[in-house]
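Below you will find the structure I want to go over with you.
First chain written, first letter: the chains are A, B, C and D, and each begins at residue 1.
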Amino acid sequence: MTHFLDQTILEIDELTVKRKDRILIAGPCSVESQGQVFACAREVAEAGYKFMRGGAFKPRTNPYSFQGLQEEGIRILAKAKKEFGLKIVTEIIDVDHFPLYRDTVDILQVGARNMSNFQLLKQLATFNKPVLLKRGYGATIEELLLAAEYLLSGGNSRVILCERGIRTFETMTRSTLDLSSVPLVKKMSSLPIIVDPSHACGRSDIVIPMALAGLAAGADGLIVEIHPNPPKALCDGLQSLDFSKFRTLVKEIQLLKPFLDQIDVAGENT
Amino acid sequence: MTHFLDQTILEIDELTVKRKDRILIAGPCSVESQGQVFACAREVAEAGYKFMRGGAFKPRTNPYSFQGLQEEGIRILAKAKKEFGLKIVTEIIDVDHFPLYRDTVDILQVGARNMSNFQLLKQLATFNKPVLLKRGYGATIEELLLAAEYLLSGGNSRVILCERGIRTFETMTRSTLDLSSVPLVKKMSSLPIIVDPSHACGRSDIVIPMALAGLAAGADGLIVEIHPNPPKALCDGLQSLDFSKFRTLVKEIQLLKPFLDQIDVAGENT
Amino acid sequence: MTHFLDQTILEIDELTVKRKDRILIAGPCSVESQGQVFACAREVAEAGYKFMRGGAFKPRTNPYSFQGLQEEGIRILAKAKKEFGLKIVTEIIDVDHFPLYRDTVDILQVGARNMSNFQLLKQLATFNKPVLLKRGYGATIEELLLAAEYLLSGGNSRVILCERGIRTFETMTRSTLDLSSVPLVKKMSSLPIIVDPSHACGRSDIVIPMALAGLAAGADGLIVEIHPNPPKALCDGLQSLDFSKFRTLVKEIQLLKPFLDQIDVAGENT
Amino acid sequence: MTHFLDQTILEIDELTVKRKDRILIAGPCSVESQGQVFACAREVAEAGYKFMRGGAFKPRTNPYSFQGLQEEGIRILAKAKKEFGLKIVTEIIDVDHFPLYRDTVDILQVGARNMSNFQLLKQLATFNKPVLLKRGYGATIEELLLAAEYLLSGGNSRVILCERGIRTFETMTRSTLDLSSVPLVKKMSSLPIIVDPSHACGRSDIVIPMALAGLAAGADGLIVEIHPNPPKALCDGLQSLDFSKFRTLVKEIQLLKPFLDQIDVAGENT
């Protein structure tokens, strides 16, 4: 039996993330303005967490939808990073953007639409940055692990997997969060896996229970969308937690912690 | 906000099941022999739980597969009920069997294959027995609630819903356990909902984490398959917990209890 | 290689349906009135076809939806049968209705919701009537064949299978018509299989091309919904062909006939 | 009503492909050797068709699988192009390969795994080459049309869509060919759409009926995999037609032609 309590899941600069910490990455879907990003960053920092997400280059299904603030978005993230001492997680859709990302971005996210973009993965394997690899909504668990193999075999072992739901016939949620991927990945791989209940559900009202369920299933952490004013969000407002709900989530994760610590020691839950 | 702690989810004879108890129904897929059933019953009783499941009339996809011990199976369940003081949950596939079930069966289970057998539901509505209604593997959450409506509108309000997974393209699990149904049902209905990780996963090695995830998502309980010797089971052996794993599950549910109690009081998790 | 041209797919009374005829069953979703049924029946008869469908006892997802005219519906179908010399196809949801069906109904339809209602299938196996068995929207092709086995092993060999679509994430159609089931069933079974593009698509505007595709894939026939005034239909109006579109379908099937005859002789298409 | 008979679906150099021709693209999954490619090319040319497919740079799910002959593969395709006077269709996974493709490749294929790789699409929009855009196996029809919009809005109007199946719970086929996409695309767009029964089915024994079904549903053409010796293929042998089966397909398409011509004139089938 594996005892997880001291397992290191990620090292970035001076920061070592242990499994027992259950990494929590929070932030807006898209970077919209410095005010919006700073509000989120303050919220994350005050909750005692270290990672903020925020999209600058957005891969949008519809070419006429808002494509993100792009370079300006990265600059805003850089300011927030400095101001609040946070680590930055943002999606990379083109390796040509890497020079722009180098000094600001701490974890490169590969989105669900690009999980099978193997050229991108091969190139990301050569950069010295951790990668957060999201499961494609049409991809099996085995394919997620094989996509990670493009990074690992290319020399980048700092990979975090992310379950974000798969497409099914159910219409009340945007995707169906497949939490069975969590214990299955744990059985087949030593890679950490986190859960994104925001994109899976596509509606904020069930994000908290699904986040807690993800942790109870054995996940190493969460990534959630928050926004100071979800109804005004330029992107994915329906699924973003407002700050009040985010604080509830943080509080309930704390309530779950004694259980998680015991499970880690026992190693039974995986 | 709803405070769940004192909510009654079921009354049977002298027994009142509260949400805070998180009902746990355990037992073999099929009744195979008195020895097998008594072993499971002793296990359930010693764990302090009250409900045993066991199939006597089995609806099998293949007409040439084992169809259950039928009348003999019900007789064995009756003996176990008396010997161990347990309540019995078993599937009903034909109302003509009801006289045989009347004195022995405490909760009538409607299986996934019959969720849309509305004639059966209409008739079950007229019997004075609680019904455990499983979600069809091709059914939406809305359809599960509407199927329950056949029972409710027919006069039977003692209905427990059960999430048991839906069919998707993922092949590592038999079905994909859709835990988002749990908080969604809680938002739309006052009916209790429990989770069946055994049938959803189709493999025993991830039943425990998925069971815990179901409770963390807000479920009112669980139904799991156990067997004294899973490799020898006539049906669903791959997904049955042996007694050692069952005790681990029971222990971990206890570890999760303080969290669940706090969530119930806060009412935040639903 | 099999040569299909003379294969008998069904015998009812004095009528022998050959594969080369490609059975076409048409009619309304629900029997609503004698006028509506007679209008459809006249349309079917004038097109030179022999089978009319029409639902009298409707299994509805929502218990508060229109449940069909029931006994009165069967009486109307009986009149149309006599007046227009048609064979009647209607769904049976309860064997207790069989006495009412006996003299009027020529083919008993088992709907998608009841494909896995094995008790119903076992009982239908004992009646001397052909059965049209629709694939459940959550069922695999193998499960469709095994469900048919409940009829065959029970002594009823007059079974027609029906592909009517499965549930997927695609939302532009009600279900996804899985035409690959047609050649696969042909490879694995000697049972005839027809295609229901109306229920699969859930929209009348693509029923004609999907019907033709079904025949080109090797199907033995079609079942389609027609209505004298689809926007006024009590049930499934969106997917019903009006009479003008039905005549187009009939004409295009005629255009496809020379191709189908050649394929049958060659036996290549299956 | 649209009359399709004279509609141009593609112009390449001196070649104009009309809808009435129903483009047929055939060739091996992967370029393996000059002998293999020449054998396929001869087969295509002798059947009177103009387009050969063949993969040189293969996007493989597993990084340790055969990744294609790469540059050498393109050189072999160039020789076959010259020797047999064919147009070449091959997948492009990285725009850096474009200089290598420029003189040899006539249609750039975007595979299912890259349908949502919008950076790739944006760059392909700027090259003066037609693009064959395959539907992602997790993508809706609407998303396929929006992905095409990345090419169209970027200035490339020579886009051919391709239905190649979506992922569902059915396991007898690799994907479920969703032929309803054909008439739906025809209703919503003026872009041509072809069908790939080989990848959808993942088994050669039902490719012919599904190809014919695709044409009957209104498709503008087909893309199929052929191989001189399928059991020896390095990739996708199970789904490749041998030359005997390919000739049967060609012959049966000819048998279907009179029907297709009449449908095009009538315009009813779309």
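Here, a residue touches a chain if its C-beta (ideal position, glycine included) is under 8 Å from a C-beta of that chain, and two chains touch if they have at least 3 such contacts.
Note that the structure is a prediction, hence the values are computed from the model and not measured.
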Remotest chain, chain B as reference, centres from CA atoms: D
A-C or A-D, whichever has more C-beta pairs in contact: A-D
Intercentroid distance (Cα basis), chain C paired with chain A, Å: 49
Approximate Å spacing (C-alpha centroids) for the pair chain A, chain B: 34
Chain centre separation in whole Å, for chain D relative to chain A (CA means): 36
Shared interface positions of chain B, touching two or more other chains: 138, 166-169, 171
Chain C partner contacts - residues on chain D that touch it in the complex: 138, 140-142, 166, 168-173, 176-180, 182-184, 187, 200-201, 205-206, 208-210, 212-218, 248, 252, 255-256, 258-259, 262-263, 266, 268-270
Touching residues on chain D, where the partner in the complex is chain A: 59-64, 93-94, 113-114, 116-120, 136-139, 143, 146-147, 149-150, 153, 166-167
Complex contacts: residues of chain C adjacent to chain A: 167-169, 171
